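Structure in structure tokens, see below.
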Amino acid sequence: MNALIISAVLGVVMMFSGILLKQKSAIRTVAIAGILVLLGMSILDLKGIQLFSIDTREMIVFDHFALVFNTVIFAVVLLYLLLSAPDMEKVGVNYAEYFALIFFILCGAALVTSFKSLLILFLGIEIISIPLYILTGSDKRNLKGNEAALKYFLLGSFSTGLMLMGIALLYGARASFSTVISPAIIPQNMSLLYAGMILLLFAMAFKVSAAPFHFWTPDVYDGAPTVFTSFMATIVKVVVFFGFIRLFDDMFEPQQGQWRLWVTVITAVTLFIGNITAVFQQSVKRMLAYSSIAQAGFMLFALYAMSGDGKEGLMLYTVAYSAATIGIFAVLARMSDYTFDGFNGLAKSQPMVAATLTVFLLSLAGIPLTAGFMAKFYMLKAALGTPGSLWLVIFAVIMAAVSVYYYFRVIQAMYFKEPGDTPHPAFPSFFKGMLLVLAFLVILLGVYPELLLGRLYF
Amino acid sequence: MPILNYIILSIALFSIGIVGVLTRRNAIIIFMCIELMLNAVNLLLVAFSKMHMNTAFKAGDLAGTAGTDGQIFVFFIMVVAAAEVSVGLAIIVMMYRNIHSVDVNFLNRLKQ
Amino acid sequence: MNITIIDILWWFLSVVAIFSALMMVTSKNPVYSVLWLIATFFAISGHYILLNAQFLAIVNIIVYAGAIMVLFLFVIMLMNLNKETEPQKNRWLKIAGALAGGCLMLILVAALKDAAAKEQVASVNQGNIGLIKNLGKELFTTYVVPFEISSVLFLSAMVGAVVIGKKE
Amino acid sequence: MNNALQIVYLIPLLPLLGFLINGLGRNYLSKTLIGLIGSGSILGSLILSIWVFMQVKDGNTFVAEYFNFIAVDKLVIPFALKIDQLSAVFLLIITGVGFLIHVYSASYMHEEKPGHFGRYFAYLNLFVFSMLLLVMGANLVILFIGWEGVGLCSYLLIGYWFKKQEYNKAANKAFIMNRIGDLAFLIAIFWLIARAGTVSFDELFTAVNLAKLSASDITVITLLLFIGATGKSAQIPLYTWLPDAMAGPTPVSALIHAATMVTAGIYMIARSHVLYSMDAAELTRNIITYTGMATALLAATIALKQNDIKKVLAYSTVSQLGFMFVALGTGAYVAAVFHVMTHAFFKALLFLGSGSVIHAMGGEQDIRNMGGLGKKMKITYGTFMVGCIAIAGIPPFSGFFSKDAILLSAFMKSPVLYAVAVFTALLTAFYMFRLLIITFTGKFRGTDEQAHHLHESPMAMTLPLIILAVLSIVGGLVGIPEVIREGGDKLSAFLAPAVSSMPHEHHLSHSDEYLLMGISTGLVLATILAAIMVYRNYQRKEATGFAKVLENKWYVDELYDRIIVQPLHWLGGFLKDIFDLKVVDGLVNGAGRLVNYGSRQLRLLQSGQVGSYVLLMVLSMVLIFAIQFFLRK
Amino acid sequence: MIAFLLILIPLATGLLSFLIREEKTAKAFAFLASLATLAVSLLGLTLMNSESNLQFIAPWMSSLGSSFALKIDGMGQVLCLLTAIAYPLTFLGTWQASPKNANRFFGLMLLAQAGMMGVFLANDALLFYFCWELALIPMYFLASQWGGEKRIAVTFKFFVYTFLGSLLMLIGILYLQSQTPDHSFGLSAFYKLKIPASEQLWLFWLFFVAFAIKMPLFPFHTWQPDTYEQAPTATTMILSGVMVKMGLLGLIRWLMPVLPLASFQWGDVVMILAVIGIIYASLVAIRQDDLKRLIAYSSIAHISLMAAALFAENLSGTQGVMIQLFNHGVNIIGLWIIVEIIERRYGTRKISELGGLAQQAPVMTIFFVVIALANIALPLTNGFAGEFLMFNGLLSAQSNFKVVFTVLAGLGIILAAVYTLNMIRKTFYGEAVSLRVPVTELKLNEQLALGLIVVIILWLGIYPQSMLELTDSFSKEWFSKIDVSYLFRK
């Protein structure tokens, strides 16, 4: 609860800081201080210290898992801001407002991770989505950004419509918006329930960019300013994933037999489309967009298995995938050329950056001793715990092998090719230091995942 | 009135909204179609709300508030829709300023 | 089967709603579309009244038909789109779109028709949960947290409008 | 066991040391020293062999075990040497003939550059080492080690003049054809291990272990061993390498391809005669007999029309080896060993003699360019003639006795076989005398330079010739048939504890035996006369008709090339260029390309159009709903 | 402790090596590091071969049921010795080749060594998997950065191929782990598993494909000639000498004892693949013009034979494989050293462009001939004992087709002689066709490396029992685990 309120307040603070502070670095400092406060509050939450006591009528329930997840998310946001906040200056003039929107999104994130009512889920998703539409279009002179924003908005609203229809049908079946299964709430009409459930599945699949509802993803990620793509593709995505799993875990557990088939299909199709399409991309940014679809396919295993392993995997995924992707996007944001060729010979001019990028890419590809591997490992483990999953798992690893193809193209460009004509940008040392921290984190969690997972249970 | 009638009516309206999204090119009209979809949902929610009230009533809950939550939800949908409209129209206007059109077919810089 | 005035009203409103919705989708002129949509909203508000949801009926007319649609109209006028400017879209895509939408409707209806219990009835013209008094009480007691949260939504929408709209 | 006898390991070790010293010091030691070391080490072995022979003669047979070569589970293969009558005889042959040839080589190869000279002796010593290991091995594996070792040395020595690719090809051919036989040999060993659980001769040929073998086991094992022998001992179908092996220096041909290595097959079968004597091996024995006979006949016909002095001798060797196999097949193991011995003498003599000729002719080997050499090279001529008489089988030269024993054994089996064998013997006499006459009598047909250069070879070369000639004459006396002299067959008596021939089913009367000897001797003499008449005034002329077929060795090489080498070559090319690249790798790359293609196609879904995105989404929804509500239950 | 040091030394020195700027220093450092590893390995073999020294267990990922468990058993001794010996040999043999960015080159080489040591010693499935990849990644970078013209595509194929295989194996490992009662990745826990036959049958392939790709077996082999051809020779030596053994080790330690029923059931299929591989690779080798590719195909044939012998499932075959694991590694490194010398001096490895090298470099020729003969298993070279035992094992297999397999695999011996002798003949014998370079003999370092190899060849050729004893008890224990034939006997 602390985090929920503080993040909203921080959003407002950032709005005003834009008026009060003229120095961009000052705004940035306030934002980073804010996220630190948020992180602190979240840790307080975790310790059981509530600053506010509010009766949410069981609509919002912060359980331990959600709190750990929130804390991890805020920590990732901290890293993100440290690394990428300076890059936001290039997007447009409304520097403070961007931070405000990010804090509002975090408020939505806190909702999505702790809802016990469909109403809160709906509001949370909307609080996340609306600022995202704006962030996508925040670079107003950029036509691609405009286009991405409009597409995102139209398709996003459409999916909201689907979601609401689903909620309405569920309401018809259950006479309640609560996601809790209790004896008081007996679904009276299974057809309504299934229809609503599947519509919700579609809507949530849309939000986490699972195929065949992923079409917005490449266009939006490509068009949006790179710093915000980074945010969207990582933090937002895992948060919504968390909500997705929470929803199905809480509400549709008895109907597992009904929806598991569709999750299987969606997982397989997502893995297929994400990985296969990424192969042909020429732009690293767009490749990363498809890669995020592909990774979503793996994250769907957490939903598929709906087990402790799956949630642990999602937790690792949160850090592994986010850290790696944020790192790559941060470098990408500073590159002049977004194509693969733009990375040619980076290892010669920027060995340190190239080395950290390699770690990130290896992690995304799921090479052992990186966090990405452990994340995938837990997902596969979780999936194998479910009977009849062998073919899906085999399919997934084949796709993982395909993913090596496009991740390694970057490595190949950096290490094995000669640099092109355009010089590579210089990277400030703080930036490099942050990259190192991220890389270290990725390796640390790959070697010793219990560091994070140990927090889940005690 | 049987609940089925409401279900069919609102699904019809909802589908008309979808067809509109599918067939129109004007971003504003697409947006309007989405609003129609939301309204269809609203109608259904209210109908369900009354249905649940009816059920509770029959079960003997004469002074109960069963079904109120459905109507509250509709209220929230309207709130959200209003917020969305403000942002959505802002984006459309921004787009129009840049390319002097609101035709979604011109949105094709991003593909592959 | 005896037909009451409510039945007649119900059918009338439904036909109006669907007809105007269709007209909204098919009108070439955006302004007409807006007007047809407003008509739809009125019809839906009529349904609300039939269902004794007076508060929502009023809000629907004020907020949707009044405020939102006027905003739409205003934007359309601002952009000078009040002509039949929309060139023909790929006809096949249109047909495919219409077919897909139709199929979706048929399937949903077919799926829910079998299952939706016939005896379940939305009580028309009775009960007072739709009154502003009841809803207000509920809203500011049970639903106060979501209500407050929606303020964050509005705040972010506001910031958004500023970010998007502000001249650089 | 006599502990002093443990030192028999010195017999193979001395040549091995010679090999190491000569091999490593080939660039530093003088030729004389190399020759001394090379010959000296063999001489040492010879002396030891004689000592061993004495011991054996006193009845001291024994097995000396040194260390475990391989021990896995119940299979224990010690590095052990076995000394018995059979190996003692072979030891003498190998070291004796080997020593003479070493001495001869020191002179024959003197023209070589120092490094190569050292290399030559190193190889030669290594060969003797391997051969000794072969005959001394107390189990099949040690035997096999020597077996492959001699193959290797043969390969190295055939390709000794490695600048000539022709020679190298011949060397490869020898090695590869040997390997084919070796494979069969190996499988036989494995079979024995699988069934009897041991490879040691002493254990294997006990009743207990033999009882473990079924009839079919014995057939298969004996057949496989025989196939192994056909490789090494140049029998049909694996004989074609031997004539090509004449690419090596002539002393090598004498040692390896006449006296010792090629007889390894005979030794091996004699060594495992217990198996071959069993009733179950009847089929194998027949196969051996007929293969041997066929080989003898085929090689003899080819030898009739060869013009290369060494080729004639090579085919003659193949033919004689065929005789030995006939002996083995008919169960006359002692006769086979006997013939090995006499053949070692006279064939080594003939080869060395031809070496002397070639030496004198400055490397010329074609007898059509020779003639009348007898006048200039008396010793060579004389000794060569002794060799020819011995091989033709005229009493009391050694060849007569050994061949007679074989012919007798063949007669016991079937008169037809005997007839063919006699016919082959006649052919032998004919082509040998053809060779002798064309080479040494008549007019000289070579170039003037060669004529000018002609001379008798030095002492170091002629002395071995003389010694071998003497042996060729008297060597047969150890096996005088019983009919001629009671107790004359000393060899049989000596070998009896180790090898004894199968008893014949019925006995031949003495008079019949004399009759047979008389027939063969008479016919041989007639044939020799005929040969002299035909080739007295030899004129060079092109072979035509059937003679051409013979000159081209029945086109067997060409046949092998066509049905084995070429198809394999083609298959290899097909697999390399088409199957491996296009099919196997093509599938792998195809998977990659498929992904790329799929990527390009899937990309088209991402059209950038909001309408199509929504359409695709709605269509998937329709599909999922349809399945969920109408197809699933 | 020895076990841990064997991983730690290369890992630490490998990482340190990245910090060295000077090229010569890096080279010397790497060489000394490899010697240190060799010394430790020899210590483990001789003075400190007590149980406690050879074992190492530390907690790691305990919540997953995994631990950092290492153990040197008989096979571990052989393979560690091979790995430890291969590196000094490689460095010594290729001393003249000076790669750019030597510090990175040697650093990656040493890291790969750490990975391979880990693979050979790991007694925990997860650790095994980690090391498996740890060995692969440096190899990928080595081959891609310092290789030939087509290196990027070729090594990438190699990487993806093996990576895919290892992922399949990961599924298998995960499945097995989920079946263990205490959810452990430990080897002993795996050995205790009693997986039903029906499940073993498909689990088998998950593992087998991974190992078959690594070895490689027909038809998974096509990455191998390309990679060997393109990779820098030092890398190729390690790849072919040591790394392919990872696949065999996987079969021996992680597949056959864990899934004995399936191994028995699929034995024929594997043997068929192996036999096809032997003949196929040999035939292709006969027609190769490129020395590197020729040796690559010959390696496929040899490895296939080892696989066949393993699936013969008897002690003789197993012991043969054990000794051959070592022999093949040493021999093929020797061959590569000479190929490397030829390529560096004469600028080509095309057989058709070479000839008569024996006149210019007799010592090199002798070395090559000896090593090549060892490669075709001539008696009294190290190859013989191994192949003898393997063929013997093959003929004693349980399979109904054992004779066919033995005979067909035996054809491989003949074909091996064909391509080896032809290679020698065309490359070293005959008239010298290329006299572009002045006559140069071997340098001291090359003589040392090759000399050492020849010593090993002869030592193990004459007294193979010295190595067979090392693995004797291991093989027996292993065999008792995989032996399921009693189930099928009446």
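Chains here go by letter, A, B, C, D and E, matching the order in which they are written, and residues are numbered from 1 within each.
FYI, a residue touches a chain if its C-beta (ideal position, glycine included) is under 8 Å from a C-beta of that chain, and two chains touch if they have at least 3 such contacts.
The model shown is predicted, which means the values in this text are computed figures rather than measured ones.
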{"item": "Shortest chain-hopping distance from chain C out to chain D", "value": "1"}
{"item": "Between B-C and D-E, the pair with more C-beta contacts", "value": "B-C"}
{"item": "Chain nearest the overall C-alpha centroid of the shown protein atoms", "value": "E"}
{"item": "Remotest chain, chain A as reference, centres from CA atoms", "value": "D"}
{"item": "Identity of the chain that, by mean CA position, is farthest from chain C", "value": "D"}
{"item": "Rounded Å distance between chain C and chain E, as computed from the means of their C-alpha atoms", "value": "72"}
{"item": "CA centroid of chain A to CA centroid of chain C, Å", "value": "32"}
{"item": "Gap in Å, rounded to a whole number, between the CA centres of chain D and chain B", "value": "97"}
{"item": "Inter-centroid spacing, chain B versus chain A (mean Cα positions, whole Å)", "value": "27"}
{"item": "Residue numbers of chain C (touch at least two other chains)", "value": "89, 93, 96-97, 100-101, 104, 108, 111-112, 116-117, 120, 142-143, 146, 150, 153, 156-157, 160, 164"}
{"item": "Multi-partner residues of chain E (at least 2 other chains)", "value": "none"}
{"item": "Residues of chain B whose C-beta touches two or more other chains", "value": "3, 7, 14, 17-18, 21-23, 25, 30-31, 48-49, 51, 55, 66-67, 69, 72, 76, 80, 83-84, 87, 91-92, 94, 104-105, 107, 109-112"}
{"item": "Full enumeration of touching chain pairs", "value": "A-B, A-C, A-D, A-E, B-C, B-D, C-D, D-E"}
{"item": "Residues of chain C that touch chain D when the two form their complex", "value": "89, 93, 96-97, 100-101, 103-104, 107-108, 110-111"}
{"item": "Chain B residues touching chain A - in the complex, by the definition given at the top", "value": "3, 7, 10, 14, 17, 21, 27, 30-31, 34, 37-38, 40-41, 44-45, 48-49, 51-52, 55, 66-67, 69-70, 72-73, 76-77, 80, 83-84, 87-88, 91-92, 94-95, 98-99, 104, 107, 109-112"}
{"item": "Touching residues on chain D, where the partner in the complex is chain A", "value": "592, 595-596, 598-600, 602-603, 605-606, 608, 610, 613-614, 616-617, 620-621, 624-625, 628-629, 632"}
{"item": "List of chain E residues in touch with chain D within their complex", "value": "157, 161, 218-219, 221-223, 226, 280, 283-284, 286-288, 315-316, 319, 356, 358-359, 362, 373, 378-380, 384-385, 388-389, 391-392, 394-396, 406-407, 410-411, 413-414, 417-418, 421-422, 425, 428-431, 463-465, 468, 472, 475-476"}
{"item": "Partner chain C, residues of chain A touching it in the complex", "value": "8, 11-12, 15, 54-57, 59-60, 92-94, 97-98, 100-101, 104, 107-108, 111, 117, 119-120, 123, 126-127, 130-131, 133-134, 137-138, 140-141, 169, 188-192, 195"}
